[in-house]
């Protein structure tokens, strides 16, 4: 069970008890002690989250999903399909109005319940989803619309069908498209940013990240399985992976963090989404000032410098002695 | 230019080797093969056609006209995440340097193929499973930028288990960086050929590998996005034998051609001949012969 | 401008009509519908949502702000092959002119939609099954060229059984001609929206229809390349009910959206609003109100 | 059975008898009479073919196929796949050398026998075949290689799968590609030119047609079924459709006819293919002189004028009175 949900449960039990005391008119020291305890616990639980706790926050069943962001737009007209094979419900895209700006929106869409999750493939995008994304990005560029993406996926779909239909090519194609579209691209990592499947729509001029979102080279479970053959060691892997918003801001991979209310974005979803939109709007307005050539050049240079390597005296060609 | 020390030493050891190292068993047909014959046959089993994985320098040696000017050797891995599990990341790197005689998982440089000057990148599975970290990304990007400056065609041999965990998101970002470099390179009409060798998966597969103009896969190579085991765990059943093989991908339309390693060099030369304007190429290369035997 | 003669006559007949023409049966749910209600409901069955095929002028009338400047009316069919089977081709054309009150299978012109000036083409199945011959090709090409000259967005409603047999290869070549016109139109950044209505198949489907920037399909419309009967003959079995419907195509990713006819106009206006720079559009249109009732 | 094959059979029976007479030393009048008869019959059979006879010639089981043309090239390196879904064996493409010219070749490929025909889907191309064609055309344009196509198909594949994967979009996409590739495009209609499925790779700067090939808006069988509900009336439809090389040269749809030997191209395939290559070579050398912009403009104007309509006094807007 989700770690955060467990904590919310025990907090809510205390709160229920508190309410009962209040009802029965029992005040005084007992009541105040309990109140203090609840207060402390809340701070203790949510005040400073570990990486693994953030992973759980990013996967919280009540966390705002893409549909909540899309629902908060002034207008949204969904555009479907890759024109070749299928419309992938795990990747939703279309024209939208955001704070008066006409934009093209793309987002990974998880489901809120099991039925919806099956339909949305738990937000794991198939090749035709990435191809739809590429198509809509090209369309956006043709009509000078900025591209706004919301990232929330545990990763690209790893199924047989996706391999048969060239998942690698689809992701690579999406990345290639983002390298050359001459319109502003603003990505927001709002939930899980899972590996290449997330990056495929997040190669952007400005990357916003929700405070408790995570963005990782592999899922902690996957990483633990690869390195130690034991996916149960995910919390440890989460610690290693430097997947929190603060870490990534430090690396220059993320440009801006949007703070969440204590306890997570779902405690005041509407206000939180509004703050994400504020950040997007600011980015759009700043980026709109750049002519396309400068935009592309800045985008190139931004990613060109990401990395960390030593430049020692050259190792002699032919291998190490 | 003299052969590097490590190569000289290896050769000496080979000469004094016992039977066990003179002979090698084919993992597919179990034939005992004489090591010199394997080498002469481009590391392909002469009985069943099994393709042994090749060392990057062997690949280069058997491919180029004779010269290879390596670049990017000054770009070396750091430890950006301060990663330590069973052992610290720098120790893992050190061990792989020893084992593979390579400074990182890709070798980049310039050479000629049947007279065609080319930029050449060769990944090696022996170094951290060919995973892409910061150095692989930087060297590939660097190669593409240098090739672009010289208007040379670029050929990259991929072999990769995916992104390098120990460099976290910095590793993932190399997908973006290399793809940007490919786009800029191709945008000016330069030819980029990817040769997918066993195995090519994950972040390398989903970035610069499949972004090529022409995609050649080496016979029997495993190629895909998700690893075979991940898929089997997801679907909870065994995958068919040929799943994610080069031949499977050819049928599914993902790659332009599948070639036996012994046909690869002449085919690459033909592709260069079709798509490259020879008149455009006139960059003199410094003659630096390099060779190595695994 | 006064309503054309044929329309006046039709209206007179309607007024004096018997019960049979006052009422019409829905072919899907068998509900008896009052003709005036059908018209008021945009030729959609108010009970089951069945979409009746619409006459081109009705479509235009219900769509545009009020004005419609028709062009291409001087482009009229000849008889290039001298085709005669049961009757000569010119006689077939004459009969369809009578029946449909149209000069050919497409009406083209300029109008405004909620203030947006647009180039508008509307095909009509009532004329030779909406088949594309020389005149359809020429009028569509002409429309796209005129729209390009004026930098106007272009919306084309398709309805076609394919190429017109009686004009042979000259009909087929209209696929090439219209596609060239689309490419040139789009190449300069102009928006082209195709609205696929029932039925859109064959040469129209495989040329300018699917070459659009945005493809909207009308609810329940049959859309495909090969006709349903051809496929059934080929595979020797019945096709599923929903095969080649707009809804099927949406699932298969072929079209951007499927819309009930009653939602179509506001949706088109929204699409224009997203993709068209209003400042770019300032072409004055001569006010020529046109309307027709089927 | 194929009409031409039947005639070849009866001719060959006479020739066998002639040979037998010769063997038995029987000469004289009988022999000469028979010889004259064979001569006359051959002229009668093949001297001037009706449209329906040409349809049969175009479908003759021994007629040179795409593979024969590809086999006669100095070099051919096949390139596979649409990069997304499948490699379609009904459409073969790749780099080639033709008379010293580096070119991109694309061709519809029928099979010579049943097994091969099943593999090649009788030369009927699926969406992924047209998408491969589009891809290779773009590649050719990127590297300044002329595009050379060989057309031989009864039509695009009309199966369920092809509809499911958007055959219309695939053909339209191929046509769209040919409208903008800035390299010379030379198409040769060598066998059956069946409708949109043929045109998809034949929108070209120069269209060559084999004398006995046919190129038609619909198959005669299909046309007869559509118009008269009776596909058996195909010979009559063939007469109407104006599908022969001469007809199409007259309409300006075909630019050049390559004559065939008496009895059809298969009577001297090598020499015939050589003459087709001669024609292609001449076209390539002429077209190479045009800068891309002129090439595209000429291509546009070429198709712009195809058609035949009256321009009468405008019909009054609002329909006919």
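The chains carry the letters A, B, C and D, assigned in the order they are written, with residues numbered from 1 in each.
Basically, a contact is a pair of C-beta atoms (placed from the backbone, for glycine too) under 8 Å apart; a residue touches a chain by one contact, two chains touch by 3 or more.
Keep in mind that what you see is a predicted model, and the values were worked out from it rather than measured.
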item: Those chains which touch chain B and also touch chain A; value: D
item: Cα-centroid distance, chain A relative to chain C, in whole angstrom; value: 43
item: Chain B and chain C: spacing of chain centres that average the CA atoms, whole Å; value: 55
item: Chain centre separation in whole Å, for chain D relative to chain A (CA means); value: 53
item: Contacts with 2+ other chains: residues of chain C; value: 210, 252-254
item: Chain A, residues touching no fewer than two other chains; value: 83-85, 165-166, 169
item: All chain pairs that touch each other; value: A-B, A-C, A-D, B-D, C-D
item: Touch list for chain C against partner chain D, complex; value: 3-7, 57, 68-70, 73-78, 80-81, 83, 85-86, 97, 101-103, 109, 134-135, 137-138, 141, 163-165, 167-177, 179-184, 187, 201-203, 205-211, 223-226, 230-231, 234-235, 239, 243-244, 249, 252-254, 288, 290, 292
item: Residues of chain B that touch chain D when the two form their complex; value: 189, 191, 210, 213-214, 250-257, 267, 270-271, 273-277
item: Footprint of chain D on chain A - complex, ascending; value: 83-85, 127, 131, 165-166, 169-170
item: Contacting residues of chain D [partner chain B, same complex]; value: 75, 77-88, 95, 102, 128, 132, 139, 142-145
item: Chain B-facing residues of chain A, complex; value: 156, 158-160, 162-169, 171-173, 175-176, 179-180, 195-196, 199-200, 203, 215-218, 222-223, 226-228, 240-243, 247-248, 251, 253, 299-300, 303-304, 306-321
